[in-house]
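These notes open a run of structures that come right after.
What follows is a pair of complexes built around chain A, which joins chain B in one and chain C in the other.
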Partner chain A sequence: MLPVSYYLIVAAIVFCIGAYGVMTLRSGIMIMMCIELMLNAANINLIAFASHFSQVNGHVFVLFSIALAAAEAAIGFAILMSIFRSKNNVNIDNINILRW
Partner chain B sequence: MEQLSGTGRVISMLTALLLLAALLLAIVSVAGLGPFVPSTLPESVPIDYTVWEDGSTDASGIEHVGGLLFTKYVIPFEVLALVLLAALLGSLYMAKKEEE
Partner chain C sequence: MAVDNIVFLIPALPVLAFVLTLAFGKKLPSGGGYIPILAIAISCIISILAFLQIHSTDIPIPIEVSAHWFSVLNVGIFIDPLASVMLLMVSFVSLLIHIYAIGYMAHDPGKPRYFAETALFTAAMLGVVLADNILQFFISWELVGLCSYLLIGFWFRKPTAAAAGKKAFLTTRVGDVLFLAGIVILYSSMRDVFLERFPAGIPDGTYLLQFSTIFENISHIDPTHLTIITLLFFGGAVGKSGQFPLHVWLPDAMEGPTTVSALIHAATMVTAGVYLVARTFPMFIASPAVELAGITIPATLTVVAYIGGFTALFASTMGLVMNDLKRVLAFSTISQLGYMMLALGMGSVIGAAAVGFAMFHLINHAFFKACLFLCAGSVIHSTGTNDLREMGGLMSKMKITGITMLFASLALAGIGIPFINKIVGFPVGTSGFVSKDAIILDATYVFSHMTHDWIPFAFGILAALLTAIYTFRLWFMAFTGKPRQERHPHESPATMTGVLSILAIFALVFGMLTFHPFLDFVGHTYDSHEIEHLAGLGGNPILEHPDHEIHHIVDTASPIIILLPVIVGVGGLLLAWIIYNRRWISVASIGNMRNPIFKILAKRYYQHEIFIELISMKFTYGVLALTGEFSDRKIVDGIIDGISSFIIGGAEVLKKIQTGVVQNYATATVLGVGLIALILSFKGVI
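Right, the complex of A and B next:
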């Protein structure tokens, strides 16, 4: 069995790719995809430890996390759709109506 | 592709790389690159793997995942159904066309 740190390193790399994307990309859809990347990095960690300790609780937690990610994606894309209707693009630089 | 440009992008890349370095440092210093034997976490308990009717064994522990999902985690499972329903209704409402 691979050492658990290999999985953790992969998860760290995936998380940093997601964080970099959230910081640099300006398209709302790409940002949501990067948020999914970060969520999946957390899932990799959960699965790695679940497999390492041979306990299935982690698998159940990952199932819940994936379902919540799906709900979040649905809401996010609905918000992006309504923004697109009013502004004709999803570039988040143009969306500053909530800025204080 | 719409991306941040100039100094903002450099700062984002530096931040992401710093985060990656910190995470890798933490992982390697705690877990090392070899087999990880923690002192405070539970002992590795092997799952009694599922044996299907044709004699083949299933090392994924999927039967235990299902069992846990409907016994120990049945309340979160049902709450998750409500969360998904709320997300469905919310996204439908938000993505609905504006009435004239």
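Right, the complex of A and C next:
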């Protein structure tokens, strides 16, 4: 069995990719996908520790996390759809009407 | 004791008349003027009943009616000899003036308003007289001030009348504020006194501001407080009674109808100040000279005497040169009120008898001054001018007015026959002679023999000379000589001349007939209050039997002193006759602007310049108001504005952080989390 650190490294890499994407990308959809990456990185960590300590709590928690991600994606994409309808693109830089 | 139950009607009926006249006056004949006349007539009758009841016993028993108001205050009516004579005078003179006004105001469209306001004016003054506590006194006092404002500015479309009303209101208000401050200090002093006596709480039925309660507790009040309280009260009296330096409103108050001037000057307003001092006389006599913050404040009665004496002289000098008929009379009122204050000030030596002298002069003055004003009204009514220079020779056209005014003038100048009182048992002369000479003579002896102070006497005697001169100057200029302008004067209607005749008779004989009974009666006012003991508190060297001692002093005095007031009276008459009737001395040679004395008098001592331009415009507006405005606008507002602009400026900078770019926020979040992680790891937590 692989040591738990391997899983953690993979998860860290995935998380960094996600965080980097959120910080740099412009497209709303891409940012949403990067958020999913970050969430999944966390899920990997949870599963890794759950199997490492032979406990079921982590597994249950991941299920919650996935459900939450689904809900977040549903709302996020709905918002992006309505933005697309009014602006004809989903470039986040253009959405600043609440700014000073 | 039926009178006790109806005395409340005395002020209530005129108030009712005020309401009725205001509401229905337009639909009634004479603008509803008969309603106030009826109401005041009934008030007058009740006043007479009350007087008779008090007078029926040897030692007068005051009528007292009192009801709980709230907390430690009450409302009530208190009629002792002092209040009762005042009540008679106010209701009677006011009644006569109202009857006269029916004729005088016949052609004025504002009659309902006029009669309503004069009814309220009378009611307020009756309220002042009847009050049994100082708060009720103050409320009525303020109502008097309000009515005077309304009536002086009766012809409010005339700018000078509106301004005069405002001036009267504001000037008397200065005094009123002092008076109110005095009441506040009195209240707190009285509460302290009672809380010391009753630590468990003030018992029910004790009313702190009731006159009787105050007088009983004078000796417990801190002397310094007492002097301050009485000085503040006197400040109120100075404002109301037109004493120096708050006399400036009275001459301007001539802008109202002449009947209003008569009401103000004789019955309802200016006497309130004298009455206040007389009413709270036990407090005044118990006020000692005190040292406050290194300044010695003299005993209040000394201040009263000096202010009174000075005002008597000061006002009469200005009366000499006025050309407006009513202004001459206004200055004479100020001057005569000065005499009353001087008389009250003598209380420091002769005790409560001083109240009798002051009130006697007040009542006599009310009769002859009402008569003078109403005569002036009659003259103005028929000639249509106030200016003495445009009159002349009116005697042939207006006999009744001329003769009644002559009688009243003789009374004002104080013409009478001295020494005869030893033969017939009472003084013989006009009422002004009887009361004013009593004051001057007593002042002579009081101040020369007791306090070795001649100044108040000198004020009094000089003022008497000037009074005689200006009074007869007025009469000779108006009624004798040739008409100086083409006018068509006519005698006034019977309602007016009838009133004039009644008042003239009173002016002639009232003083003669009532001198001793009056002083006896009013002298009983403060019998129960141990004036000697209070005078001791105030450090006033009061005589033990003032009546006897004064009689003794007067009897043994050199005749020249007794003759002096009459000499100056007759001398003034002759001087006026020489200058203004025979014209042996040219008026123009004295009365022109090149004569510095005339100039300063005609300019009224530059009071307008000093009060209005220097004090109010330069000092109050220029210094105080503008400083206030500067500190408000620049300093107070500046601090507020500074804080807000600092916050707005800061926000301008800080809001740039909110870029609206999601990536920036995400970056900040990640960096922040990273920073926290770093800090925690350095601390060894993770």
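A few comments on the model shown:
Heads up, the rule we're going with is that the second predicted complex is superposed on the first by the 99 of 100 C-alpha atoms of A that agree within 3 Å, B and C clash if a C-alpha of one lies under 4 Å from a C-alpha of the other, contacts with A are read in each partner's own complex, and residues count from 1 in each chain.
The rule is short, and it goes like this: a residue touches a chain if its C-beta (ideal position, glycine included) is under 8 Å from a C-beta of that chain, and two chains touch if they have at least 3 such contacts.
Predicted model only: the values in this text are computed from it and were never measured.
Once chain A of one complex is fitted onto chain A of the other, the partner contacts of A:19 extend to both chain B and chain C. For chain A, the partner that touches more of its residues is B, with chain B and chain C as the two candidates. In the superposed model, A:79 lies in contact with chain B only, and not with chain C. Residues 19, 23-26 of chain A lie in contact with chain B in one complex and with chain C in the other.
The touching residues of chain B, counted against chain A in their complex, run 1-4, 8-9, 12-13, 15-17, 19-20, 23-24, 27-28, 31-36, 41-47, 61, 64-65, 68-69, 73, 76-77, 80, 83-84, 86-88, 90-95, 97-98.
Within the complex formed with chain B, the chain A residues making contact are 3-6, 8-9, 12-13, 15-17, 19-20, 23-27, 30, 52-57, 59-60, 63-64, 67-68, 70-72, 74-75, 77-79, 81-82, 85, 91.
The residues of chain C lying in touch with chain A in their complex are 655-656, 658-663, 666-667, 670. Of all residues in chain A, those touching chain C in their complex are 19, 22-26, 31, 92-93, 95-96, 98-100.
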